[in-house]
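Chain IDs A, B, C and D follow the sequence of writing; residue 1 opens each chain.
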Amino acid sequence: MNTIAFTIVAIFTLTFALAAATNPRLMHAALSFAVMFLAIAASFFLLGAEFVGLVQVFVYVGAVAVLIVFTILLTRRDAEKARGFNWSGVVIAIAVFAGLVWAIMKSASVSVAPSVIKALTVKQIGVALMGSYVWPLLCVGVLLTAALIGALILVIEDKRQ
Amino acid sequence: MSSWITHNVWLIPAMPIVVAVFILSIGKHARMTSAIFAVLGQVMALAVSIFAFAPTLHTHGFRVVENFTWFTFGDQHLRIGFVLDPLAAAMLVMISLVGLCIFVFSIGYMAEDKNFSRFFAYLSFFSGAMLGVVVANSLFLLFIFWELVGLASYLLIGFWIERPSAAAAAKKAFITTRVGDMGFFLGLLLLYHVTGTLVFYDNGGGALEPAALAKIGSSVTLVALLIFCGAVGKSGQFPLHVWLPDAMEGPTPVSALIHAATMVAAGVFLVARVYPIFAVGAINGVTPSLEVVVWIGVVTGLMAALIAVAQSDIKRILAYSTISQLGLMMVSLGVGGVAAGIMHLLAHGFFKALLFLGAGSVIHGLHHEQDIRKMGDLRHLMPVTFATYAVGMMALSGVPFFFSGAWTKEEILHATESWPRSHVPHYLMMIGVVLTALYMTRQIIYVFFGNSRGHANEARESPRVMTIPLIVLAVCAIAFSVVLTPAWPWLSCYLMGVPTFTDVHDPSRAIDLLLLLDPEFTFRILISLVLVGAGIGFGVWLYRRAGDVDPLQQKFPAPFRFLENKMWIDELYERTVIAISALAARISDWMDRNVWDGIVRGFGFIGQLFGAFTTDTDENVINAGVDETTGGARGFGRVMSRLHSGQIQIYLGAVALGMLALLLFYAWLT
Amino acid sequence: MTLSIFLIVSAALFCIGLLAALSRRHAIFILIGIEMMLAAANINFIAFWRFAPPTAQPTGVMVAIFSIAIAAAEAAVGLAMVIAVYRHFRTTNVDQLNQLKG
Amino acid sequence: MARSVDQIFIHAKEWLLSPLAGRAPDWVIQITSSLINIAAVLGVFLTLFALISVLERKILGRMQNRYGPNRVGPFGLLQPVADGIKMLIKEDIVPARADKVVHFLAPIVVAAAAILALGVIPYGRNMTPFVIDGGILFFFAVGSTTELAVFMAGWGSNNKFSMLGAMRAIAQMISYELPLIITVLPVVMVVGSLNPDKIVFAQKYYSFGFVPHWFVLTPWGATAFILFFVSGLVESNRTPFDVPEGESEIVAGHMTEYSGFKYATFFMAEYLGMFAVSGLAVTLFLGGWRAPLPWLAFIPSYAWFFAKLSVLLFVFIWIRGTLPRIRVDQMMNFAWKFMLPMAFTCLVSAAVWHYAGRRLSGWLWSFAVVALVYLALSLFLDTRKKFTPRTYRFAE
């Protein structure tokens, strides 16, 4: 494991996350959001779960980012208006971060070296998915269909007007 | 024909009652029809009685019983019935005959009265009830007729309801007799409890038959005495005699019928009828109950005779004389002379009715004047009344030979003489006889002899319709003595159900005149002659020049006043019994008003209290509490709603803070 | 290279997501914030899977995959709602969308 | 001998790496090896791009009975150099109120996506630049970023036409991405792995001595290949489906505001995309670097790969020259109503083929399934759709 690579990736992720969170321009924020997910995928690669990384890229960068961008397009009319930025959110976020860090630091069992592990192959994931996780897979399938149909109905414009 | 009547004896009481109901129903104005019907009813009753009397002569110890079950109650059967035996038959004839004379007399006496028909209805109703008492074979049926007689006497005494004294007298009579009847009823119940049946003669099963008598056992005295209470009440014996003198408020025929001949006799008849119960366990003829009867009789007889001497009202004198005579009869029954008692009862019925009717005609003649001190020298103005009245007086005071009263009195004195317990009653009764003769002579002198006082001079002889019954009764008083003489003891044997002396030995010498000459018999007649002679002579001597004021009163004013006021017995009762009952009434009223009512009001109060308590708790505890909580809830609700500002980010911030808090808590824990 | 560093990075990412969700007024940014938080969670899963002793079933990975799928569905529905809200209220400014206030 | 020729490039690489082998830490070695790979890939494909760009114009010309560019260099082969220089010299105009950053980034992202996709395809035995277990998935994951890039381009240039073009391109690419992936599924299912090498390895046998086990020769394989090829056309916005930058309609679609080098990058990215898709098609269906006949195996593997690739590219160009542009809604209907069901039938018939024992009977059964569905669809798909009155909606 190369810490350097990891630090780079971590820095990338956090900077783009911050950009997505704070960038006043909507479109830039959305794009930095997408890039951030690329960075996250990279960190997954580093952690040895390529498949998840790829899926992450595939789903987020491929679909969600596009969706977000399209939504921004569809709601462009008031996008330009300058939006306030309430600082209480920031305060809370920092507080929570401090809390979490404290928790992590406190629990000694966490600081452990990565265990030697043979690469996770897609075949193993396939077997697991189709084996003991077949039921969740079906549920997620149903969930996704339902969600998408729901989203469609929400958004579809009634042609009869 | 006659056998049919013996079995249907109930017809005799039924007829007068039916006539009474008929008279009441035809209304007030049919005066003469009601009178005729009443008399007719009485005549029918008399005829049937005579027909019933005839067959009883042939056999000794004749008794025909007609019983039936009135109603069954569970396993108890109430049997009642009618009986015909010498005692009943004799009484039937006497009552109906006397009744008839009184009916005829009262037609004249009550002529001007506006309630004429109602009077006759009550009279026939009374005579029916009296006849019923005589023929009843069950103590229960006898008790029923007994009560009807009581009711009839109440109605008749209080006939002139508009006069308050009459109403009070009726009420007094009814209540006093009721007291006696209570005792009678308890006796009846006890008898039923002990023997299981109330019928007198039920071919072996009856109460008066040996089987039941054996069963009575120890409580016989109690039963006898309780039944005797009824007799005391009805016949006006010592403790309960107070109502009789006041009963004179009623019209004179009423007094005659009820308070001379019949009703008062009912008590004596009852004792005679129920005699076997009294006689159970008699040791040579003496039982505790009979002793009580004797002493009650003696006391009553003597007391009444003394009071009669000091009375000034013509009817009150006769009333007290009746009480005295009844006492005498009770004594004769007590000492065992049942036949003598009954014979005296019959004789007394006749001559006492005669005296009362005579007094009635005197009063009628003097326009309702009753005080003898305002009468006098009436023998020339009312000769028939005077003659019949003299016959009655002679019979009552017991002048021997020709008059019925003498013979029966003779018999009674003979019976008391042979009473083993003590001779005191015998001597007291002799004094009684003397006193009777004394007050009767006083009365006759005051009324018919001496100088006329008051309005006596305007007296006129009563009309024929009144004098005929007087004459009939006078003849009866004299003729009756034929049967009563010991020479021909037919009646006593008939009554006792014993074959006469002669039948047994020598049927040919039915009448034994020689007996009269028997030395032992002549001695008894001599004694009675001496007693009566003393009484009359002392009376004539004492009252010959009597003025307005009674000579005895001049000599012994204190005792005279004592007697004149009826020995203060009324006042005694007034203070004691009535006072006590008034007090009891007041107490119960007080109790009811304060204690029970108090308790109820107390509960009510508690209820109110509880109600008040609940309302105000509800008011300020619960309501207030509820208001508070609702107010609090609304306040809290408002606070919470402000929290829900609709800002999503605030919610998310809250979530984050919550998580942080948890974290801190966790930190604090470890 | 210890697990705690990964955890710290994911915590940071989580907080940035929180920051985005809390402070930005735009509706879409709330969704972006949520997606970030979910991604942070995924990192944790994979990190724990990686650092934990090897197990038969790659549960961490499985959970991560499923959470990605669900997050995608959620994002889709969320954005659809944002569009619908925009069409109805003509605004995506979260402050003005407080019709559900109590 | 054939072996050594086959592995010539691999030995070259090792030769290059040898100085570093001993001394440098291994991550340095890794990086240099991947750098070498990248250099090789870029080199090969950029030259191919240049070549194809000119060849395409010459072939099109030939098809249209005219010569293509033949002025610059022998037979016009230096034309790409000329174009390159032209592109570089041209002024790079950036719209005034355009979103500078996005505008600048868009071409880079598109090119990067395309190049990344090329990194995964096995060009020869042991000549896969990056061996990733989920290689195919990597290819598609990277492929999906192109949509975002296109959008950035469209949005960045702040121009209605480019925005509209971008919308169309994205719609088109998303709709065809689904069939593209689903047609790949049967191959992955049959092979049992997402690793391209394994897929090529699975196609190495020959039945009856001369018939290679290429997936294209199976019924479901053939349909899948056709569908895959068509989807590939759409993904790379090639002719029948080059609606986004349809010159006659909306100038150059999302590339309208680009000029100079950025436009060149777009142009290059498009061709690289085409190379990637056809490269994948070759790996999945045409047996990758496998020789068609066993005895032809002596020819090096990469030779076979590039031969097949050039065939496919020719077809691309051929199609460009012959087919007219399709209307957008027709394209959409075609994607959702025909391509998707057919893709699913490939999946089913592959399953039937597999469970029927992969022998001749399996072949017949799966053929029956595919034929049946094809007939059903062609009958029921009422392509002569009665058009509802068109409603024009303008962006608010």
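Annotations
FYI, a contact is a pair of C-beta atoms (placed from the backbone, for glycine too) under 8 Å apart; a residue touches a chain by one contact, two chains touch by 3 or more.
Here the structure is a predicted model, which is why all the values come from computation and not from measurement.
Interface comparison, A-D versus A-C: the higher number of contacting C-beta pairs is recorded for A-C.
Inter-chain spacing, taken between the CA centroids of chain A and chain D, is 28 Å.
The centroid of the Cα atoms in chain A and the matching centroid in chain C are 6 Å apart. Chain D has its Cα centroid 146 Å from the Cα centroid of chain B.
If each chain is reduced to the centroid of its CA atoms, chain B and chain C end up 120 Å from each other. Contact of a single residue of chain A with at least two other chains is seen at positions 51, 55, 63, 77, 86, 88-89, 92-93, 96, 100. None of the residues of chain D touches two or more other chains. Under the contact definition stated at the top, the residues of chain C that touch 2 or more other chains are 18, 21-23.
Contact annotation for chain pairs lists A-B, A-C, A-D, B-C, with touch applied as defined. Taken in their complex, chain A has these residues touching chain C: 1, 3, 6, 10, 13-14, 17-18, 20-22, 26, 29-30, 33, 36-37, 40, 43-44, 47-49, 51-52, 55-56, 59-60, 63-64, 67-68, 70-72, 74-75, 77-79, 81, 83-90, 92-94, 96-97, 100-101, 104-105, 110-115, 117, 120, 124-125, 128-129, 132-133, 136-137, 140, 143-144, 147-148, 150-152, 154-155. Contact residues of chain C toward chain A in the complex are 1-9, 11-29, 31-33, 35-36, 39, 42-43, 46-47, 49-54, 57-58, 61-62, 64-66, 68-77, 79-84, 86, 90-93. Contacts from chain C toward chain B in the complex involve residues 18, 21-23, 30, 94-95, 97-102. The touching residues of chain D, counted against chain A in their complex, run 27, 99, 101-102, 105, 132-134, 137-138, 140-142, 144-145, 147-148, 151-152, 155, 170, 174, 177, 192-195, 391, 395-396.
Residues of chain B that touch chain A in their complex: 649, 653, 656-657, 659-660, 663-664, 666-667, 670.
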